[in-house]
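What follows is chain A paired twice: with chain B in the first complex and chain C in the second.
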Partner chain A sequence: MPAGLLGALLLTLWAASSQFGIDFDPVRLFADLGRGREILAEVFQPHFAFFGRTVEPMLETIQMAIIAATIGCAIALPAAFVASRVTAPGRISFALSRGLLSVIRSLPDLLYALVFVTALSVGPLAGILALIFFNIGVAAKLLSETVDAVDRGPLEAANASGAAHVEVVRTAVLPQVLPNYVAYSLYVFELNIRASAVIGITGAGGIGNTLNAQMGFFNYENVGLIVLEIFFLVLAIELVSIALRRRLT
Partner chain B sequence: MIRFENASVVYPGGVEALKDVTLEIPDGQMMVIVGLSGAGKSTLIRAINGLVPLTSGDVTIDGRSVRRAKGRELREIRSRIGMIFQTFNLVKRTTVLNNVLMGRLHATPTWRSLIGRYRAADVEIAMQALERVGIVDKAYVRASDLSGGQQQRVGIARALAQEPKILLADEPVASLDPPTSHVVMRDLQRINRELGITTIVNLHFLDLAKVYGERIIGLRGGELVYDGTARDADENVFRDIYGRSLTADDVLEAVPAA
Partner chain C sequence: MTAIAVTASARPARPSHAKRNIAALAVLALIVWALVSVDVELDRLINLPGRLWSLFQRMFLPPDWAYIEIAAPAMVASIQMAWIGTLIGATLSLPLGFFGAKNISSGPVSNFVRLILNAIRAFPEVVLAVVVFVPIAGLGPVAGALAIGIHSIGTLGKLTAEAVESIDPGPVEAARATGARSLQVQRWGVLPQVLPEIVAFWLYRFEINLRAAAVLGIVGAGGIGAVLSNTLNYNRYDKAGLAIIVVVVATIAIDQISGTIRRRIIEGAGAKRPVGDELEQPELVEAPR
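Moving on to the complex of A and B:
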């Protein structure tokens, strides 16, 4: 039997076996839709009069996203250079920063929010801190991989001229990755808007708090409006960042 | 003066790129290194500024050991040695001036280079370097918008901005067309003569080596197999360095433009 076919068979068996653990039954996916229909019907009839009460938490979400993206990406920039084989100042710092970034990235944003809400208190500060860690993980990972792929020629030239290591990184590497860095920062900001809808469930401030509260009150028309607002906000940010990125390259 | 004393380089894979080379290069000389690719030309040039570390022997510059120099001392030695490359090694996304200012990093406080605020005196030195290679009007153009020949002149200007005592050129014309090759080689020759900078050039083309080299050394399999004047280097000598008969690919054969 060809190896590819064997692999496909094993993969199918492996996927099929996973249904036993969780008692998966495709029929139930559709059979239970009846109960959800009423909820969905309400969600799809957004209660627009509720808009006034979403403005403030929405603004809070945007502010949290901006602050967290700014601080997170500012920390991610030097971290990415230490965590790239091309620009790391030494083996030990390279290994340490890689490991640390892996740990930071392995925890989900929701868990950070839970930790900071427990440690501090409910409110936007806990949310901002959670988003900062989330942002460092994402931005440093993306940027260090971009640094790995830079043209090494200018690095050799800067080293040959007797420049110090930070000067080599600043003049030979940073200009090469700057457009990517800006793009990643905008992307991270966009992620924050989305993430803040989720981490608000823990009490970490922003529109997520309101969303969670309205779900608790079974006000699905209000939930519908909030979901709609988040959708248009993310769309607007994406359009702006596409325009900005086009200008950068 | 640059001195190689029984210098050898063995790469981690076990390849002996340089074997027991002993050589003296007096100040102000224009020396051309010829040999097949893989003969150790690049390694020899990079041993001078320590980009390739020796595995035995030593290279000294005015009596200072390159092999023993580390950190700040090595950077200080490198700051007096300009280098130009086959593929130019410019930061293509930034301006010509920013590329040339790279040659001033060794003299610029780190905080200034981090925020990109070079001293006016350093900018002036960079502009003068551009003037010397005749492209000062391109100072604010993006490096990627220049032709190959212009990019190599930016590379030369960057090296000159260091105000070096030694200039290393690793196959500086291998990516250029024949007329442009002569323009760049004449730039190097002029710099060598007018500024008295010791100039060491790797070349693949034998006719260029004969025209521009004051002294020619030949490498074969990492060993020094010829050392003499350009006049004495005839076809037999080159055949001996290359270990085979010469072909049309070994010469550039373009008359230097007037």
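Moving on to the complex of A and C:
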């Protein structure tokens, strides 16, 4: 452990240094703490009359989250079976799908949004596409790990009865992982609410779009209200989703 | 032996699926509502595959390899941002995790701390960066590191609290019996039990934070996100393509290294299974209580 500790310490000094790193200086930071005071003061006085103009983008955020979760999880279901050791139809497709999924997962949602906004111009379509990629990554990974851990008994029984591979997966594996799949889908939807609230900053539709516009106008009281709304939306969806997931598993 | 007559009426009634069907219908209705009311023109949907393919061509066939001179240092800055951010989150979440554990602190205190941790988690890094830390620390990776650090406190604090709650009470009693003071009990009775698990959480969080650090540049927090944002704004797709390749390669490489270290921390040298992957189970990572 001392070696690991030393390594972590060196890494930290390197990352924080002004010459090789990001120039992170806590002392100076504390001295400068008052610098954002005017902006923060405005953020903390949300302009509630702005609420009416945030309703539509809020709904768009929710719509984007629903559509992306539906399509993303629909694609993730077969992808997870190909990417699980237990149900992969062959070695090559297994390795390929694993590799592709880890590439998809290594890119953050906001980056997808940035790329799709450039390609398709601003609007919810770019946001939905970005979320779909993000969702495939998360849902396929979680589900393929659940498939890895299924009870092999039904699988052997189905194989012994001479069922084709797709039938084996459908009758012996799918029923075992279905509750988890539904739970993961809900979880993905919950992540989407969080994500779709921010990917709009790139112009990908939803409340993030409004947030970005209000920041551009330096209307920090409106920004404060939007942040507050995002906070309550995320919290509400999370509570509902967790309650539902508890009942599922 | 008497034969038991099996009649159709002896079969148990089919369980009612009414609840499940109503739930499925409600979900379906939501999906239909979203599809119908979302503002997406159909003609754009038809052109979609063609446009995505042409974008892919312009980005990766081929990427501008020479641009690595700019992209690699920017990616390093993102990695440093993620590392510093994770450290901030780790340092602040450790005491909060102890205060949030029901077996260590009192009921009201732990409930209050949990509430705060959940509230922190509901503010995305990007929002924190935009609204709080770019104004305070100015444009650049320091603002990003602070946003990442504060957002991480939520999840890390909660995981720490849960790890502390599942300790073996033996060492705590032993430490008490020697007359140790409260802080000493935590240091010698609790911390050694939970530290490996918590350090594994930190490393796992570093992997997540790396992804956040790669995009925070879009809102002015420097790193590779700033490079991506600029190249795309000026339609330099081949340069953006290279930057994306750099993100993918660096992220996957760091995931592998961090995963190996996590495995060694939890299982010791020579372990095979990538332990810690189960951390990604949503119940463990995100669900508040």
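Just so we're on the same page, the second predicted complex is superposed on the first by the 229 of 249 C-alpha atoms of A that agree within 3 Å, B and C clash if a C-alpha of one lies under 4 Å from a C-alpha of the other, contacts with A are read in each partner's own complex, and residues count from 1 in each chain.
Heads up, the rule we're going with is that contacts are C-beta pairs under 8 Å (C-beta built on N, C-alpha and C of every residue); 3 or more make two chains touch, one makes a residue touch a chain.
Treat the numbers as computed from the prediction; the structure is a model and nothing was measured.
A.B. asks: Counting only touches as set out at the top, which of chain B and chain C does A:V227 meet: first, second, both, neither?
C.D. replies: After superposition on chain A, A:V227 lies in contact with chain C alone.
A.B. asks: According to the contact criterion defined above, which of chain B and chain C contacts more residues of chain A?
C.D. replies: With both complexes superposed on chain A, more residues of chain A are touched by C.
A.B. asks: Counting only touches as set out at the top, which of chain B and chain C does A:L248 meet: first, second, both, neither?
C.D. replies: neither
A.B. asks: Considering only touches as defined above, state whether A:V240 meets chain B (first), chain C (second), both or neither.
C.D. replies: So A:V240 meets neither chain B nor chain C here.
A.B. asks: First (chain B), second (chain C), both or neither: which does A:P154 touch?
C.D. replies: The first partner, chain B, only.
A.B. asks: Considering only the touch criterion stated at the top, classify A:A197 as touching first (chain B), second (chain C), both, or neither.
C.D. replies: second
A.B. asks: If we overlay the two complexes on their shared chain A, which of chain B and chain C does A:I22 touch? Say first, second, both or neither.
C.D. replies: In the superposition, A:I22 touches chain C alone.
A.B. asks: So in the superposed three-chain picture, is A:I128 touching just chain B, just chain C, both, or none of them (first/second/both/neither)?
C.D. replies: second
A.B. asks: Can you list the residues of chain A that meet both chain B and chain C?
C.D. replies: The answer is that chain A has no such residue.
A.B. asks: Note which residues of chain A are touching chain B in the complex, please.
C.D. replies: Residues 151, 153-154, 156-164, 166-168, 170-172, 175-176, 178-179 of chain A touch chain B in their complex.
A.B. asks: Which residues of chain A touch chain C in the complex?
C.D. replies: Those in contact with chain C are residues 4, 11-12, 14-16, 21-24, 29, 32-33, 35-36, 39-40, 43, 59-60, 62-64, 66-67, 70, 102-103, 106-111, 114-115, 118-120, 123-125, 128-129, 141-142, 145, 183-184, 187, 190-191, 194-195, 197-198, 201-202, 205, 211, 215, 220, 223-224, 227, 230-231, 234-235, 238, 242, 245.
A.B. asks: Would you pull the chain C residues touching chain A in the complex into a rising list?
C.D. replies: Residues 30-31, 33-35, 37-40, 44-45, 48, 51-52, 55, 59, 77, 79-81, 83-84, 87, 118-119, 122-124, 126-127, 130-138, 140-142, 145-146, 211-212, 214-215, 218-219, 222, 225, 228-229, 232-233, 235, 237, 240, 244, 247-248, 251-252, 255, 261, 277-278, 280-283, 286-288.
A.B. asks: For the complex, which residues does chain B have touching chain A?
C.D. replies: Touching chain A: residues 49, 51, 74-83, 85, 87-94, 98, 101-103, 105-106, 108, 110, 113-114, 116, 155, 158-159, 162, 168 of chain B.
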